[in-house]
Amino acid sequence: MANKPLVEAKSIFFEKGGRRIFSSLTMVLNEHDIVIVKGKNGSGKTSFLKCLAGYYSIKKGDILWNGEKIFPVQEPEKIMLAWLGHHNAIKPSLTVRENLKFYADLWSTSQSDFYSSINYLSFSNYLEFPVSWLSAGEKRRLCLIRLMLNPAKVWFLDEPTTFLDVENKKIFEDVISKHVSNGGAVVCATHEELKVKNYKTLNLD
Amino acid sequence: MANKPLVEAKSIFFEKGGRRIFSSLTMVLNEHDIVIVKGKNGSGKTSFLKCLAGYYSIKKGDILWNGEKIFPVQEPEKIMLAWLGHHNAIKPSLTVRENLKFYADLWSTSQSDFYSSINYLSFSNYLEFPVSWLSAGEKRRLCLIRLMLNPAKVWFLDEPTTFLDVENKKIFEDVISKHVSNGGAVVCATHEELKVKNYKTLNLD
Amino acid sequence: MRNFFKLVLRDFKLVIKGSNETLAAIMFYVLAIIMFPLSSGTETDLLSKIAGGAIWMAALFSSLLSLDRMLRSDFEDGSLELMVLSKMSLESIILAKCLSHWLTNGLPLVVLSPILCIIIGLDFSYWWILLLTLLIGTPSLTLIGATPAALSCVIGKGGVITAMVMLPLMLPILILGAGAIEAEISGLGGIGHLYALSAILPISLLVAPFLAAKAVRLGWE
Amino acid sequence: MRNFFKLVLRDFKLVIKGSNETLAAIMFYVLAIIMFPLSSGTETDLLSKIAGGAIWMAALFSSLLSLDRMLRSDFEDGSLELMVLSKMSLESIILAKCLSHWLTNGLPLVVLSPILCIIIGLDFSYWWILLLTLLIGTPSLTLIGATPAALSCVIGKGGVITAMVMLPLMLPILILGAGAIEAEISGLGGIGHLYALSAILPISLLVAPFLAAKAVRLGWE
Amino acid sequence: MAGIFNFLASPSRFRRLSERLYPYTIFLMVLFLILGLWYGIYSSPPDYQQGETVRIMYVHVPAAWMAMMIYFSMTLMSIFSLVWRHPLADLLAKESAPIGAMFTLIALVTGSIWGKPTWGTWWVWDARLTSVLILFFIYLGHVALIKLFDDEEKGSKAAAILTIIGAINLPIIKFSVDWWNTLHQPASVMRLDGPSIHIDMMIPLIFMAFAFLFYYLSFLFINTQAELYKRRVKKIYLQNLMRKEK
């Protein structure tokens, strides 16, 4: 059992609106793995992540989670997955604390993890601000904190570094390095060069 | 007259919700100029651009457009300005052509400019696609095309390269280089290193 | 189950926060009910004849206005995508949203009904049946409207379009609700209508979250 | 001026495109009118008494449902920010949006009015006054609603809240419009009401775009 | 049932089958139409109360049955489409809707025409009539909803979801005459204790019902084929676009 990869995509094929987006794509994600998905605009990075998570359904091939054919989106009780997409999924009219608290409750994050994540991104001064006051990069940092609250082993990140400045990009790299060193795994679609160790690249071009 | 800078900010001061965002900031933008606004997340890059354009009103200092104290937003008949912000401002339910055509009409862009801009970003195959089909980067490319349709001399760009892949970033650099060599001027807030010649940097930290 | 109520609470907070939707709903009801005498003249016997219908129409319109937004913001900003990756299924998320929608939209009407009775001049001896129909009927309105609301997020359009798709589905509830009151007043007895209404509620409770979840998933495709 | 019509055309296209809002508006009107007999019973003379009010209430509700979205998408996706940087002022942009809103929402009702007359049983000899009130009144509804619609974008909330703010402002139009018909039917003559309605239109035409533009600018701050 | 559906699940198989079948259904439709009209107009007696106007029944009643039957079958297909993800099921439901809407309209119009001499009015807001009108709007909503999507396949899936909710209206139509005291005739053919209608009227009624049924099937087959071809053309077009680009 322990040898089964966390996620495995076996020559999957996906089309949308009658257009082939990618075909015979294969990926294996084990613990401690970082897979960086590269490719031109429109090459299907977002689609690939969405297929793996189960938002989109593939036409051919197999996707196995812990060796089983289930999807996080369809059976969320069985598989936990952390997702960070193009949308921030934060409510502008709630405060930073309320936004984070909601997800912390949903995922039963402990109180101490909650505050340590916030401190990690030095966000404690912002806690009572409504999110609508934050700048684009600050919103994205909020998403990073939320990511750290998530107990899921597998993280799927779709261009997580948009709007982040150089310093926060570095923090982000630390965050994922820490996550994989704790036995987690990350799939990350991005156009930037990430300075993390031992990553595998999946090129979609 | 011709010696007046296109845009001039004289030690401006701006606060929002009682927080000082920046103070005594000065900038001069002449023809052929590229000013790259740098700064950490939340340092006020977006706010600065919005102040210059007139969306936000400053507390102290002066902003002069062609030596006069008017703003593009308030008197659009007098001053033309091209704006590309965090939002794409494209309608998902219209096709690419319809989206572009609308702005081309609004700005009275000529037919030939219209098609040459589209070809420049090799978008002609997408013309009849509804925008909702496009990927995040393709949407951003659409914004670049729209930028090229704009007859305005001054371009204000707020993190224009988000979601763009390496190749398109290069195209973007070409686009702004071409624009300034034709007598235009660009103010661009970004966290990335842009490979353009002779730019000035404005650091907000 | 704990998560379920957390979500209800968060939605509740989101709705109340800064904007006080419940208060808005209450004011809307009063205004909408006042519109009937304003637009149809003030003859009291005419008014009392249309009273049940008027209150029910107000309920329907307030559902139309608010359901469109029940799922939209969560759908558009990616919150739903994210929430479904917790231990809660999409179906229960939607059910929680329906509950908090009803708490802020349907329940105020139920609570308000005695006052509305007075405003529109419905004889107080028929208040019980108005109350009952509202109590059984408004949750069905919310539930039945959830699927078209989800679909309208998928289309990315709202307003009149959603209303057009929703209205025919909700009309049976309106007919039964208003019909019960009318039948009771005319002496025929509105119990039959009430039975039919009570049959619809459990069915929609079973079917609606399932179908609305299907619709949301369609939007993700 | 050419730009003005281009914007109207684009909005019109946006509205029609794939989504056929006008068709939706028409179906909505028919359904909303049908709701009155459905909920208030079938006595024809009762119906014809509330006929004018019913049609006017349908107009009001369709405005409530659609005005909320008139500016929202352009406000939220940054289109307004961009459009104002053309040779068109924000005021004329808003006026153009109001025009295209009326073309897809008010005008269908005016055109549909004879059919609605039949459905609701309004005597055909009063059709002219219904038509006149709608023709003068519905543009005012759109214009008066523009500012609250803009404000609701600024708050980032919609639905019932917007409706609650809009309703009191629109009620005078409803009272005058429905009143004109009622007065005409009762033999008192509805001309007085018509005059009042016609006075409101130019005033709101002058004031509304200006105020709504202020509201939008407030949202940019 | 599921077996038949599985067999038909492949679009191309269905297309071939329906291409073979539709001439027969058209033939049957014409045959039953001729028989039904002949019996209905010449060889059935006028009603002792209503006189000749009763002949409207031979259009009205089968049309009303079809209106409900088509919606019912659309509901079944929608459930199939959602539960077993049959690609064809929502396509069939989608192609059924306009036909169903047409039959509903026929039932409404003929009912109104019939109502004038018998009830003295074109229209009353009674439960049966109203619920049929709502059915008509649900059909229209179905058609409109599909048009709202960029992607027709997605649109027909959406419409399938909506169809199931709309199905609450069916029992209301069916039992409205029993639950409410209305002007409309209670059921006399489709009854649990057997029909209570004269055999001379029964025959043309049944013939016309079959004619309408085969009309439905013929056009369902033809329209579905057309739609399948259309989708193939679109797919090829998109793939060519992609190829040009690369």
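In order of appearance the chains are A, B, C, D and E, and numbering begins at 1 in each one.
The definition used in the following text is that a contact is a pair of C-beta atoms (placed from the backbone, for glycine too) under 8 Å apart; a residue touches a chain by one contact, two chains touch by 3 or more.
What you are looking at is a predicted structure, and each value in this text was computed from that prediction instead of being measured.
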Min route length, chain touch network, chain A to chain C, equals 1
Note: chains that touch chain A and chain D both are B, C, E
For the copies chain C and chain D, the interface residues, called same if over half of the numbers are used by both and different if under half, are same
Of all chains, the one whose CA centroid lies most distant from that of chain D is A
Strictly by count of touching C-beta pairs, the top pair is C-D
Farthest CA centroid from chain B: chain E
Distance in whole angstrom between the CA centres of chain B and chain D is 37
Dist(centroid_CA(chain C), centroid_CA(chain E)) in Å evaluates to 31
So, in whole Å, the Cα centroid of chain B is separated from that of chain E by 56
Between chain C and chain D, the Cα-mean centres are separated in Å by 24
Where chain C touches two or more other chains at once, the residues are 18-19, 155, 157, 161, 164, 167-168, 171, 175, 221
By the touch definition above, chain A meets two or more other chains at residues 17, 86, 93
Flagged in chain E as touching 2+ other chains are 130, 137, 141, 144, 148-150, 241
Contact graph of the chains (line, ring, star, complete, other): complete
Counting only contacts in the complex, chain A reaches chain B at residues 16-17, 39-42, 46, 86, 133-138, 140-141, 159, 162-169, 191
Given the complex, residues on chain B that touch chain D span 50, 53, 55-57, 72-73, 76-77, 80-83, 85-91, 93-94, 98, 102-103, 105-107, 130, 152
Residue set of chain C touching chain B in the complex reads 156-157
Listed in rising order, the residues of chain D that touch chain B in the complex are 3, 6-7, 10, 13-14, 17-19, 73, 76-79, 81-89, 220-221
Listed in rising order, chain E residues that touch chain C in their complex are 82, 127, 130-131, 134, 137-138, 141, 144-145, 148-149, 154, 157-158, 161-162, 164-166, 168-169, 172, 179-181
